[in-house]
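Mind having a look at this structure? Questions to follow.
Think of it as A, B and C in the order they're written, each chain with its own count starting at 1.
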Amino acid sequence: MAKPAELHFFIDPNRCIGCQACVQACTECDTHRGESMIHLEFIDRAASTQTVPVVCMHCEQPTCAEVCPADAIKRTGDGVVQSARKPRCIACGNCVVACPFGVPELYEDRQIMMKCDMCYDRTSVGKKPMCATVCPSQALFFGTLDQIGQLRPLSEPVNQFRFGHQVISTRVFMMMPGGLVGHRPLVDVTAAMQDRPRERAIRLTPATTDPFSQVEV
Amino acid sequence: MATLPVDELKIIERFGPHQSAMTGVRLSTSTEPERLVKTHCCFCGQQCGVQLKVRDNQVIGFEPWEEFPFNRGMLCPKGVKRYLQGAHPDRLTTAVGRDSSSPHGFSPLPYNEAIARVAGEIARIQQVHGPAAFALLSGASLTTEKTYLMGKFARVCLRTPYIDYNGRLCMVSAGAANKKAFGIDRTTNPWSDMVGTEVVWVAGSNVAECSPITTNYLWQAREQGARIIVQDPRITPVARTCDLYLPVRPGRDAALFAGVLNLMIEHGWIDRDFTETMTVGFDEVAAYCRQWPVSRTADVTGVPERSLRQAAEWWGTAKTSFLFHARGIEHHSNGVQNALGTINLVLATGRIGKPKSGYGTITGQANGQGGREHGQKCDQLPGWRDISNPDHRRHIAAIWGIDEKDLPGPGVDAYELFRKIDAGEIKGLLSLCFNPIVSLPDNAFIRRCLEKLEFYVAIDFFLNDTARYADIVLPGSLQEEDEGTVTQVEGRVIKINKAIECPGEARQDWRIIQDLAHALGRPHGFTFSGPREIFDELRRASKGGVADYSGITYEKIDAQMGVFWPCYSEDPRTGLAIDHAGTPRLFEPGSYNPVARGEGPFYFPDGRARFNVAEYRPAVDDVSAEYPLFLTTGRVVSQFLSGTQTRRIGPLVKQYPEPRIEMHPRLAERLGIADSDWTTVETRRGAITLQAMVVTTIRPDTIFIPYHWAGPKSANQLTVAAQDPISKIPQYKVCGCRVRKADAAPAYAAVREPQQ
Amino acid sequence: MRPPREQRRAAVWGGLVTAVLAALIVAGSRNLNHFDAALVGYTFATLFAAFAITYRYSMWLQRPPTRMYWRRGWSVFLTPRFIGGNLVEAVRRLTLSFAANRFIFRRGRLRGAAHWLIMWGCVLAAAITFPLVWGWIHFETVPGRLDRYQIYLFGFPAQSFAVHSVIGFVIFHGLVWSALLVIAGVMLAFRRRMVDHAAVSLQQFAQDVMPLLLLFAISVTGLMLTASYTWMKGYAYDFLAILHAITVILTLLYLPFGKLFHIFQRPAQIGVSFYKDAGSREPAARCRRCGMAYAPAMMVRDLIGVERDLGFAYEMDAADGAAHYQEICPRCRRAMFGLAQAGAWSEGLTARLAGDKD
């Protein structure tokens, strides 16, 4: 069985509230029960509550698979990049260091790389992935392009990402504010190299994002 | 009775809290559940629908329930891991009795013997000191059936006026404000009405952590064009990306609302037509608000003028809106005034009782709504009736088959009840679903009171932190071991379904209460065979009251996936039997209610809503030269209330193991404190030493401590027992404190696990 | 399209290995004197498998990441300073990983038990049958002693043993024991594949089920042969022999293409472990963004080379000269992923707010 072709995964980190429902739910998934495959990063908790959930983006041409010396990472016909094949993976860690999104994790004790496989035990039988089902902010969403279009007129799904000179196309979409800043064909990840999280995402005065700048200690 | 039977660590060693984990069948990837039980999460007032996987009388996992309309499968981490509270090593499967000769302070008792002893003690205390010498504390996480039974048990079996519940720490400010303004106490609109509005105002609610599912409604509203305003002393996750953030100084909310309303009046952003035809009292409110010009408001609240103006403009000029508030503005000795301040903002615009325009209070506990409607409050009878109202008393006495004169009068609030224990008026106590030594403010006082009791019996599934002081603990039921209804945040009555049987000698709480009534020789009215029979009596009792449940049946709840009360069995207009679907939206133009009788949509005889002057009063024990910083308390997403359950669920403990003191880096720098340093906070009540968490997301004049932990980690060692004069809610959200770097790690750090 | 040069090279290697094997068969069976003509089908199947496995192995080694690890693995293993320790470590790691399957047991007890049984069953069977098929081993009665057998290895006499001794029974039924091990392992594996939700969703017939079926078929038909000549006076022996030969030959032909190829790939795990040892001896790469160590510097350098070979362009234009995206740690990559999107939203929402003022 395979994931229905019309169903896609969408990520909107701007919605994320860092609650970790996705992390807790991910451990319930049968392909890696007890281990969470989703990354929820507090980018810099001292500076901000900003968080980003990262699942496998399921690249069209997965760097992880290309750099795997053991041919252990396979992409199924429905576009899902699977966790490493257990008989083959030799736990070298190339995929971990190569993945542009920082997704795979190495489990040295078991000599295996594991990563998000879009809850293949669920999606292959028509269910939604655990994380996207439970996500209370719907920063993680699983559905059709029509559905997301109707629900989120401010947003636009984008699935091209720039890393240096390399552009990667993925099966998973990132929700960009197309309705606010206009169409952008790709997300320039390396342009955010110098960005740091801010207290507030929105500037009330152009000068500062710190709403407490006037508060005396 | 006395101090703890043995050293607290010895009790903890046997009774926990210990952490559960995914092990055995709960880790297995090859175990098929025997069945899926559609029910709801046991924790907060959002009451997300969830399906529990059951096998061999054990909950082994969950499956999202995507059809349930409120949460559509969404769950927070607590909902995901709630199933790990079952089959727990700490579970009480027998009654236990205090026994200082036992190494762990308690030894098992046969259930019948325990019941007989409890009944004997109740009878003795009431014989010697009178019926009012025995008190009950109940909870808002119980099903409505149980809360109804507890109210009835107090008044009919024990004949004591002294019953109150832990909603006193939660929903009473909102409830009192709603009663004063609308004559009914319920969120006015279903949450779906939030999506499609022009502006949503979130007043004092850390939605992301305390009611996470509401986040999606907020972001959906924004996607459809809404501006989001968040008012909070901390930049919570939702405050980080909202459109307008009002960084209010703790305890200044009423001033903020008055100032904003004043700006709206100045600019003419008032729906005069509505205030004149549908409300009473606007002029008095307007007169009060004139004391709050924007500059003074900014000075007092700490919110920049520009932000206040922006809020007033957005709120004043919108055509549709939603405002909701939670404990952030309610946990104050000025809590009712704060809530009334928000209602005044809503009424001034006339945006209520319409699609895409409403007002709501986010309930905290599972049954924060239903638990405050049917008689476990000290001054209340079922159907949101008043225990001091002769008509109401007669109606309920008739249902209960007793003489109205035998029905006790109003009691006192939960905190006052402890003061009566302290004064020696109350000698015996029964608690169910309440952990006051963690959850009440200034809990050193609570400990002293517990030590003064002649007899204390607790009903719980775990030996909670307060139950360590009990003489006898009766083994109660987990939510999944019983059925019944609860009323969630929107006023939607939903059905909790039983998934498994109680283990060992544990019993459903309603059985325990009935067993006590029988052992006391007063079984009259306590012969229910199950929750369905209790609910049927509750329906009749609530009939004709404001919270009318008479038209609700378990079958209707199943068929409609919830029923919004009021739901009538007879048309209030004609008195004829009807099949009423319920009332998703209150106050719609032309709507009929039994109080106004067609005069208007609000629940007063003239059908009009009330403006109330919402006066700003400084907090009790406010900041001072001696205690110069604000202390505020609240929740984290992975824990729930006093942590009796969540501090026993391993994955949730690991997510946020121990309380930390949030402070701004500028404050930390001045105090010479670095992140993770042991830090001592002192108030007039006591001191606490925890690790610091240095973050820019809190006002530099404020520190925050989450309150889910017990003993030396309990934030409520610090909080002040000041209460709102109307609602009696304690002032958890503000008091003066001082902070310093600790000399050394506290003694507990070496001997207690994070959750203990 | 793979350059034909690589395929030619693989074909040459395949031919070479096949030729060497053929020569060894001739030499080991003393010019085919001890070669059992009945086993010729098996022999050709092994020769084909040798060619195909070598061909595929060679193709595999020519992939940039594998080539890198192959070269680096050997060079770090053979570094004179560490060769002694490496040899000791190699024995230890081979014992733990391969003899004991420790890492597989850690992946799951049932999985570990199934694999361990199948593996040892196959190893034992291969150790017996391949030398027999190739004529490298044969038995003769000791002259004058009809109750004793002499083992000949590569034509040289080795041990002798009594026919009716325990050791004789054990040796003559070696394939029975291996079949029982394999069948037990296959049963466990099938059980897992039937009840484990992860296995059910991920398994593919050709990849995961077929090899188990083949091993099962070999073992069962082999046991039936034994049963036939032991208890049934050779009933249907010829038919069973052909059936058995077919299952074995099919498996040998499947060997280079399917899941069982991991038998030949897996030793790379040991090479990788020595590569990691070498990496840990030199300073770690530090993230260009956060400054934290995240991987061995050698690995990052090598990977950059591999990515170039593969045609990726992760080079970045940095102020301080050429930079590569690999020089950013995975955690910072995730952070940048979030920050890149957040930046756009901040811009958009702030602009909307400003728009209100205009």
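Quick note on the criterion: a contact is a pair of C-beta atoms (placed from the backbone, for glycine too) under 8 Å apart; a residue touches a chain by one contact, two chains touch by 3 or more.
In this text, all values refer to a predicted model and were calculated from it rather than measured experimentally.
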Result of counting contacting C-beta pairs for A-C and A-B, higher pair: A-C
Chain whose Cα centroid lies nearest the overall Cα centroid: A
Where the CA atoms of subunit B average out and where those of subunit C average out, how many Å apart are those spots? 60
Taking each chain's centre as the mean of its CA atoms, subunit A sits from subunit B at a distance in Å of 35
With centres defined as the mean C-alpha position, give me the subunit A-subunit C separation in Å. 33
For subunit A, residues that touch 2 or more chains besides their own: 14, 16, 30-31, 33, 50-51, 154, 201-202, 204
Multi-chain contacts in subunit B: which residues touch at least two other chains? 29, 241, 243-244
Check: subunit C positions touching at least 2 other chains come out as 196-198, 345, 349, 352-353
Complex contact set, residues of subunit C against subunit B: 192, 195-198, 345, 349, 352-353
Which bits of subunit C are touching subunit A when the two form their complex? 60, 63, 65-66, 68-69, 97, 103, 106-107, 196-198, 200-202, 259, 262, 265-266, 268-269, 272, 275-276, 289, 294-295, 299-300, 303, 306-307, 310, 312-317, 323-326, 328-353
Of all residues in subunit A, which touch subunit B in the complex? 14-21, 23-25, 27-28, 30-31, 33-34, 45-51, 128, 130, 133-138, 151-155, 199-202, 204-205, 210-212, 214-217
Once bound in the complex, which stretches of subunit B touch subunit C? 29-30, 241, 243-244
Contact footprint of subunit C on subunit A as seen in their complex: 1, 12-14, 16, 30-33, 39, 41, 43-44, 50-52, 54, 63, 66-71, 82, 86-88, 90-94, 96-103, 109-112, 117, 120-121, 124-125, 154, 161, 163-166, 174-177, 179-181, 184, 187-193, 195-198, 201-204
